[in-house]
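Take a look at the structures listed below.
Common to both upcoming complexes is chain A, partnered first by chain B, then by chain C.
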Partner chain A sequence: MTALAERPYGRAGGGSRRGPRSGSGFALLLPALVPVLVFSVGPLVYGILLAFTDARSGRNTETSFVGLENFAELLSDGDFWESFRIGMIWGLSVTVLQFLASLGLALLLNQDLRLRGVARVLAVVPWAMPPVVVGLMWRLVYHPDAGLLNGLFGSDVDWLHDFSLALPAVIVVGVWTGMPQTTVVLLAGLQNVPRELYEAVSVDGAGPWRRFWNVTLPQLRPVIVAITSLDFVWNINQFSLVYVLTQGGPGGRTRLPMLFAYEEAFRYGFFGYAATLGVAITIVVLVVLGLYLWRQAREGD
Partner chain B sequence: MTRALKYLALLGYVVFLAFPLLWLLSTALKTPQEMAALDPTWIPRRPTLANFADAFAEQDLIGAGLRSLVVAVATALITVALALPAAYALARFRGVAGKIAIGWVLVSQVFPVVLIIIPLFMVLRRLELVNTLAGLTIVHVTFVMPFALWMLRGYVRAVPRELEEAAAVDGAGRLRALAAVVAPLLAPGVVATLLFSFISSWNEFMFALVILKDPEVETLPLTLVRFVGPEGVARLGPLAAASLLATVPSLVFFAIIQRRLRSGLMAGAVKG
Partner chain C sequence: MKRLSAALAVAAVALAAGCGSGGGDGGGDAAPGQNGEPVKLRFLSLAWQKESIEANKQIVADWNTANPKIQVEYVQGSWDNVNDQLVTSFEAGDPPDVIHDDSPALSSFASRGFLLDLTGKVPAELKSDIPQAAWDTVTFSDGKSGQGVYGVPFLQESQVLIANKKLLDGAGVRVPTPESPWTWDEFADVAKKLTKKGAYGVAWPMKSPVNKVLNLALNFGGTFFDTQNGKTTVKVGPQEREVLQRIHDQLYTDKSADPSALGMGTADPLPGFFAGKYAIVPAGVYLRQQVAEQAPSGFEWVTLPPLKGQTSQQGAVSQTLSVAADSKHPDEALKFIAYFLNGPNQAKLAKGDWLLPTSTTAAKDPALTTKENGWDVATASAKDLVVAPFLKVNGFDEWKSKVATPAMQEYFADKISLDELANRLVEEGNKVLERYSR
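Then we have the complex of A and B:
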């Protein structure tokens, strides 16, 4: 496919240099670069620069460069560390549970089972729902008086306001919402595993477990690494869902880093400090992803 | 035996995925009395549509829905208008600049949204666009742009370059070739990207929360959250009813593009 696309054609030059067409190429690249620069690079660079300033929300406040002062403050901020800890618990557990649940569902959907159609539709619905509605819906499920859970279990628990139950309760919702993308991607990956590989190990007399372990998992590996990385990034940056469910409560027990940053920026007006928090989370995400991808690459060899 | 286990597992998934949805539907149709009862009922004993009427009476759902519609339509049109030429260039002219640009689109996903919303908020404030739908639209375009670029680039790459060049060789000229050959092939992808952008904007909450301050300008997700306030059992019915209504447009559009979205994700992901 690549060879075909790159074959020098008529008067167009081969490779990346397009000869006489390169002029129009640049003219065309301009509209490509402008949206990327204006709508993506620009705000992000501005945001990162703000992390090194004392920008406040007031209209006439002066902003000055403060170097690494915000970072020093962040490192000694107990509230930040608590939020960071909760964010990591949330990010890692939702990503792992999401992956395991989605892998199981994808494996089932890839087989010839009867309920498959229904499950397939249901597996995609949460993807299309507004996060606000997902949050409100689960508040109805968890509601202490009119909710489903207390009625079912005969319990009298205020799930989302209980200090030890709030985070697990929110994690369940995170898994529920995030399953569709992961399932769809894993299912596509499963369908791309060449059948001959299964036939080959079947001839060797391998059972379903060995087939899964020796064929499916290694074949899926790149897809798994890609989707779990993306899920982790999405989860650690989650805001709307948890904001609607608990607003970070009770007592900050579900205050994910983005809720913390939102409060700092738009409740207390510390723009610079909130940006610092954003940069810090970016660094953490990059380190975690870097370690993960590096380990996967090494094991893959 | 194993087959029975598989069915059991699948059934477990169906229950887990479906029960919150069914509970939402059931709550929307219940009377306050039934909601307050100790034993939860799945099927309302006396189903009522009063909650829907109450929802419209309590909050300005129609106004909020219209504002959400305006923002979502504008976001979709502007995003695709800006992203389409860009995606074409990124797909066809693979110089260093293009590689860097598409690499950036991927990398930018790692940054948390606070790093985008704070600078945008400051810029919008200077432009006096805070608390306006125009301001929110600008933010939504920024938010949707990377994924729209990624999707559209995938669709452009799926159109064989040879087709286009053959038309150009026939003397059609590059632009004519684009219009006559590429555009029809690209149309379904463009529609998918439009609908995807629409859904993203329609569903979006955090930016709206930051940009819009007054009830007179707020979009649907903000209005929905207003139902929560002091949460009496009596308000849960209208809350559920409004939530259901707000989900309908996304669900319908998503059903249309679902398959295409999947292939778009894949097409964008395949290395050339």
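Then we have the complex of A and C:
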């Protein structure tokens, strides 16, 4: 979103009014900074510190620093790697599928269709639903006896409890949930593509496919990079949706890293170890994102 | 200059507000019930069946009228998220005073010091009304070196068989009684006889197989855990394998059990049961409530007593009432519990939940021994309940959800062999248990 928002205002920032900003600027920032420090940075630092302790749930437990012991345990924890693998499959496939589906939808909604306004509103509806509601709704869709899906196909499949189907079934829901914001952002990007460019390539005799490949995609590039990276972060940290749908089952087949961390902390009471998990996932997300953005930036040049 | 000072003022206000809200509360309403004010207790109840909620609320209301000095607030909880709710409220130091839960959950809360040790505090009348076997289900290590009683057990569940009477009569099989129940061999034969085209003798709903298997395994003396010198390990020997093997045989050798029922929760086979697709459904006694309520008119069903291996013994867990260690009024809380769980009230609660009371006076209540809805068979099965061995195992919950549930599900789905299952239960299981002995 920011990439888009900045464009029209880009010039104003470099304007002539450079008042006495060094002192007052900070003071103006302070009211906004305090909540960030108290509610964001504080817990974050606490969480990171916790990752280096053996903190456990309990009334009279003693907590001591254990250095990197938790991280060592993490590296040799088969359950963690399994959960990590599932998280990666989930994060990547949801993001990619979401992007492809949303791009198609955005292109469609960008056409001069009848009832375009209605269609656009409908496309955004899932956005208005909290993940828990989405989860409950899809649980009904997937219900083995009374579900819409089995009713439609006349099949007798227990989608969310089948060992091999559960993850794909959950991924479909993830794609569905995340589509609105991706679509809206891509649609906004599409509308920002200058018409002259299309006219120019049409004059050169380009068909729809070439127009898409040579004009639309390159023009959309910054938007695509921004939304896919945001989506990836969002998806890999997804919790509530899967928690409602499967609670990580069957047999851990949909146990995303965040669910795993939650279980460690609130079910088994290993707070320190759960914090380590959180830190590890943050590092992984940063690394993946860093690589991706770095490559995109290089190619963009 | 004006702008700067204005900004600073805003910042100062924000800071003050931020700090104020941080440490403000706390000591406010902690004053105990002196100066004539009634003591307030919060009672977290997990009742969920309609009749049961009514019974719970009724007893609380009766208490509140009789005891103006000790007022109890009924708080509705849910089995689905009670663990999360309790962990967070325990950690925050503001738990409900009286807590309804079940004994498997108590063990880990007890070892973390969240629950009050009730040893010597339970009134004699209540203590003697509940048999020692039930008290065993709430006696746990205190996390250091001692043992304590961390709840009052009140409702128990046994595994019975619920059967379609017409199909049983049609096949001409012997109807078992509590005095002479079916053995597992006889059960296998009956199930084969009842299996016809499009209909199965039995449906094993195995969405959560672990407790079911472990409780039934005691029929053949299978305990699954072995504690020596304070160190607990998993064991899967011939005794533990019996029940696993027999259920597996029904599914894949005799083909008298429907494999597609495996993913179901306990109540899910009922539509098939009513339609005659399954002749017998093994279930906890509470399922009778749903059968009685949902059965189409004219549908005849019977409750059959638990199966017999070498014995009819089953592992039992109890629903419990506990007092939080952080409760400010533990004595009042215990008084309330003693009233809530006296004989007549337990009979009401048992009827409401279709479970078995631990109270010996409640078990004699005519409503719990009538033939109607199989109460006589259900209540008789209580005599074979013994404390489930897994109750005392620290880390059982993690073993169950990380190791045993997926492994057993795969075994029953015929994806791994019994040897492989045993291997995983033991090896991965012991790794899990080790975390808790540190």
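Brief remarks follow.
Rule of thumb we're sticking to: the second predicted complex is superposed on the first by the 273 of 301 C-alpha atoms of A that agree within 3 Å, B and C clash if a C-alpha of one lies under 4 Å from a C-alpha of the other, contacts with A are read in each partner's own complex, and residues count from 1 in each chain.
Basically, contacts are C-beta pairs under 8 Å (C-beta built on N, C-alpha and C of every residue); 3 or more make two chains touch, one makes a residue touch a chain.
Since the structure is predicted, the reported quantities are computational estimates derived from the model, not experimental observations.
With both structures placed on the common chain, the touch criterion links A:Y243 to chain B but leaves chain C unconnected. Applying the stated contact rule after C-alpha superposition, one finds that A:P35 touches each of chain B and chain C. In the overlay built on the shared chain, the residue A:V133 is in contact with chain B alone; chain C does not reach it.
Taking chain B and chain C in turn and counting the residues of chain A each one touches, the greater count comes from B. Using the contact criterion defined above for the overlaid structures, shared-chain residue A:L113 touches chain B, although it does not reach chain C.
When both complexes are overlaid on chain A, the residue A:N60 reaches chain C alone and has no touch with chain B. Looking at the shared chain after the overlay, A:A200 reaches neither chain B nor chain C. Once the two complexes are laid over each other on the shared chain, residue contacts for A:Y268 go to chain C alone; chain B is not touched. Using the contact criterion defined above for the overlaid structures, shared-chain residue A:A72 touches neither chain B nor chain C, since it reaches no partner. In the superposition on chain A, A:D145 contacts both chain B and chain C. In the superposition on chain A, the residues of chain A touched by chain B in one structure and by chain C in the other are 24, 28, 30-31, 34-35, 59, 145, 266.
The touching residues of chain B, counted against chain A in their complex, run 2, 6-7, 9-11, 13-14, 16-21, 23-24, 27, 35-36, 38-40, 82-83, 85-90, 92-98, 101, 104-105, 108-120, 122-123, 125, 141-142, 145-146, 149, 160-162, 165, 169, 174, 199, 202-203, 205-206, 209-210, 220-221, 224-225, 227-228, 231, 233, 236, 239-240, 243, 246-247, 250-251, 253-255, 258, 262, 265-266, 269, 272. Of all residues in chain A, only 23-24, 27-28, 30-31, 34-35, 38, 56-61, 79, 144-145, 156, 158, 161-163, 249-252, 263, 266-270 touch chain C in the complex they form. Taken in their complex, chain A has these residues touching chain B: 1-2, 4-5, 9-10, 12, 16, 18, 24-25, 28-36, 39-44, 46-48, 50, 55, 59, 101, 104-105, 108, 111, 113-116, 118-119, 122-133, 136-141, 143, 145-148, 151-152, 176, 179, 184-185, 188, 208, 226, 230, 233, 236-237, 239-240, 243-244, 257-258, 261-262, 265-266, 271, 274-275, 277-279, 281-282, 285-286, 289. Across the complex, chain A is touched by residues 3-4, 7-8, 10-11, 14-15, 18, 22, 83-84, 87-88, 90-91, 108, 111-114, 143, 207, 260, 263, 268, 271, 325-326, 395, 397-398, 401-402, 405-407, 409-410, 413, 415, 435 of chain C.
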